[in-house]
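Here chain A shows up in two complexes: once beside chain B, once beside chain C.
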Partner chain A sequence: MLRDHYVFSNGRLNRKHNTIYYTDDQQKQTPLPVEKIRNLHVFGEVDLNTKLLNYVSQFDICLHIYNYYGFYAGTYYPREKTSVSGFLIIKQAEHYSDRHRRVYLASRFLEGGVHHMLRNLRRHKVENEESMYLIQKEYNKSQEALDIQTLMGHEGVIRKHYYQAFAQMLKQDFSFERREKRPPRDPLNALFSFGNTLMYRTVLSEIYRTTLNPTISYLHEPSTKRFSLSLDIAEIFKPLVVDQVILSLINRKTITKKHFDVLDHEICFLNDEGKKRFIRAWEDRLETTVKHRQLKRNTSYRYLVRLECYKLIKHLLGDDVYKPLKAWW
Partner chain B sequence: MEHESDRVLEGKILHEESYPRLQEREVLIDNAFKMDHIDGKYVREVKMSSKMQESDHLQMLFYLYQLELRGVQKRGLISYTKEKKTVEVILDNDERAKVKRAIAQAYRVIEQAKPPVVKKLPYCKSCAYFGFCYVREADEYAT
Partner chain C sequence: MFIIITYDVGEKRVGKVCKKLRKYLDWTQNSVFEGEITQGKLKQCLAELDRIVDYDVDSIYLYQVANPKNIKKIVYGHEKSDIDLFL
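Now for the complex of A and B:
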């Protein structure tokens, strides 16, 4: 089984013979099982050299770098994989430049997201009835949108209702006024930022293992972010994975206010212990399996992301019509 | 796409653990195809089990044919670890015709605009592309 590996402390990563070693401040060396790593996430301040990067490329490992506050800085990708498909890229672009086809895909991503938002709110059905109704109504309206701007407008309204109701479900005092993207100013926003970053990386590393081109997207504008397709697909999974992790971390008091630090009275971020607790819950969630109705086999949440890429490929090839995942369990 | 299929991974680990005497492992020819090993006059492949003998045989023929096109004459040996047996493959006229036909057929599939319709086959269950071929969403959801 391949897994993600996280480095938190400061130290040094290097290749010695055919192994990667992590050496921490105290000169303690830990070997990392290179054949088993899918992604290496570096949060601490770590020294490394090109010999290591070359080695990591051979094993198709992506190296993601985050700054001290847990914000994503960049990725070192292994050499361009050989399995690119020119044909598929053309199809991807066609579906982008044809307005109707683009809106179709964009609203399918929204559909999946909304389904999972409602699914989360349903846990507290009585309190959330009003919000659920408003979200459903707004979603229905969005289905008549003929362009992306209009669709995004509806999405904004949905999100507002959703976050309001979401905050009501928290058992600790983690209130937030509105969802602020960056920099996060309160703990709840910090959790969303951190979780969403992990989600984008996860989706991207699954896209990377298919022949899809991650820069051509539908709901998000391809020009604004380099790997905007991962933002598109993440829309479906954020409420299903990130928000559920956050809900359970807060409501089980695994994460409390003491797991946050504030920089300059402005930026709120998870401290090391907070990040570790988050990532532990995150990894558990992604490895959790459900029995897939169509495949009839146990499928992890992480593999569900890959399957979403496959369904998109089939849609682009005209082999099947894309429908988003809607958790049925 | 087949990177993470457990079976492929199992196969990779197998290479590292079995037949340690075969020194030079995984020969990559013209950046196009990979063979487990070339050993004197033999090309060798190691397989877990003999469940897919047909396609193992064809794969070997493909290697032998590709080598022949590059002026190298070899024979093939396929070893099945589970059954502890080894079979020999020789590229004669019939086999050459067979592999050429298969290559032509593969191109016909590759050049289609869409993948062919999925046909349920007994070995789909252990195929690395299973997820791709069979994933769909159900039509109606009871919410």
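Now for the complex of A and C:
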């Protein structure tokens, strides 16, 4: 029902007639119904003023800003209405400082991720039996880990096996040896980077709508400059959403090599057309619904992310034990 | 719920109704709006229109479609506004 808008052109966003108007560089005005917006994503160079920010806050709309290469730069999010809970922050921190409780949560996040990775590989069973075995073995080892470093080490190995197997599932000739970030050097790495960016900010917008504090995390080390809890929760959803979107885009040839630009023979990134295609597939995927067993109604993938936050809150408050989402469909 | 709203109101009130509806729905053509909306927001929207419109002379038609999958929209000629995620 609510939707996200993506601004790629350069222009101006302002409040007008009690709704939001976008004026592009050709002075063409587009009214956006304010009651229908969930998030605004700004990729282009856009002017805006505080009046707009004020108005956006009243409607709980997050404003995400991305830099020229499509990397996430930051978010303006409404403070006023989102409930804050000091009690929950203290609980969150308690679970962080207690080593056993932290390892429990961290390995649950990993458990969810691994489940979805294996689920992806199982669909191409013939080629991937070996990797599935290796991942399973590594995962079993990780369950005995007593501290985060060991757990992260196992996670790294699992990812390595997974990406190797992933390359075999592609029906287009994309050379892919290993995952490279900062910067991504080939098309597939660029796709992963862009997809993960979208995933992080989707999780972040859902966290903002709960009382969780996005800076206290368990699997990833909470540090300054980043919202690491969204990295934790994204761990479960990355193989489920990002990787499947990428697979279908490549295997259906929706995205081909011409949708990438290379900068200085080094940095590979999606061009505007590529981004648009990716985002369209992305939005479709997030709006896909499945019948939830406990809630007994259709829930979208996007809402499953929110449910994951609620489950975590329940765990932190001691109401319920946290179990990660495992796709049952 | 997917709805289509058409309105025929006195000249003085056309602009006001149009501006109000722009908050909630996508503009399709002159005096026509469409889009998905929740029950609650629709009520809110109609209540706001209530204050503008003079029901003795004006009329607002509301078409509801319970299942948005049942809509097939065909446009002949020039499409006045295409609703898109991208700007």
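Methods note: the second predicted complex is superposed on the first by the 324 of 329 C-alpha atoms of A that agree within 3 Å, B and C clash if a C-alpha of one lies under 4 Å from a C-alpha of the other, contacts with A are read in each partner's own complex, and residues count from 1 in each chain.
The working rule: contacts are C-beta pairs under 8 Å (C-beta built on N, C-alpha and C of every residue); 3 or more make two chains touch, one makes a residue touch a chain.
Since the structure is predicted, the reported quantities are computational estimates derived from the model, not experimental observations.
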Touched partner set for A:Gly70, first chain B, second chain C, both or neither: neither
Touching partner for A:Tyr303 - first (chain B), second (chain C), both, neither: first
Chain C versus chain B, contacts on chain A by residue: B
Which of chain B and chain C A:Ser9 touches, first, second, both or neither: second
Touching partner for A:Pro222 - first (chain B), second (chain C), both, neither: neither
First (chain B), second (chain C), both or neither touched by A:Lys323: first
First, second, both or neither for A:Gln294, with chain B first and chain C second: first
Doubly contacted residues of chain A, that is, touched by chain B and again by chain C: 1, 35
Parts of chain A lying in touch with chain B, wherever the complex brings them together: 1-2, 35, 38, 60, 83, 115, 209-211, 292-295, 303, 306-307, 310-311, 313-314, 317-320, 323-326, 328
Residue ranges of chain A in contact with chain C within the complex: 1, 3-9, 11, 17-19, 22, 24, 30-31, 33-36, 276, 279-280, 283
Complex contact set, residues of chain C against chain A: 19-20, 22-27, 35-38, 41, 45, 85-87
Of chain B, residues touching chain A in the complex: 1, 3-4, 6, 9, 12-13, 113-115, 130-132, 134-138, 141-143
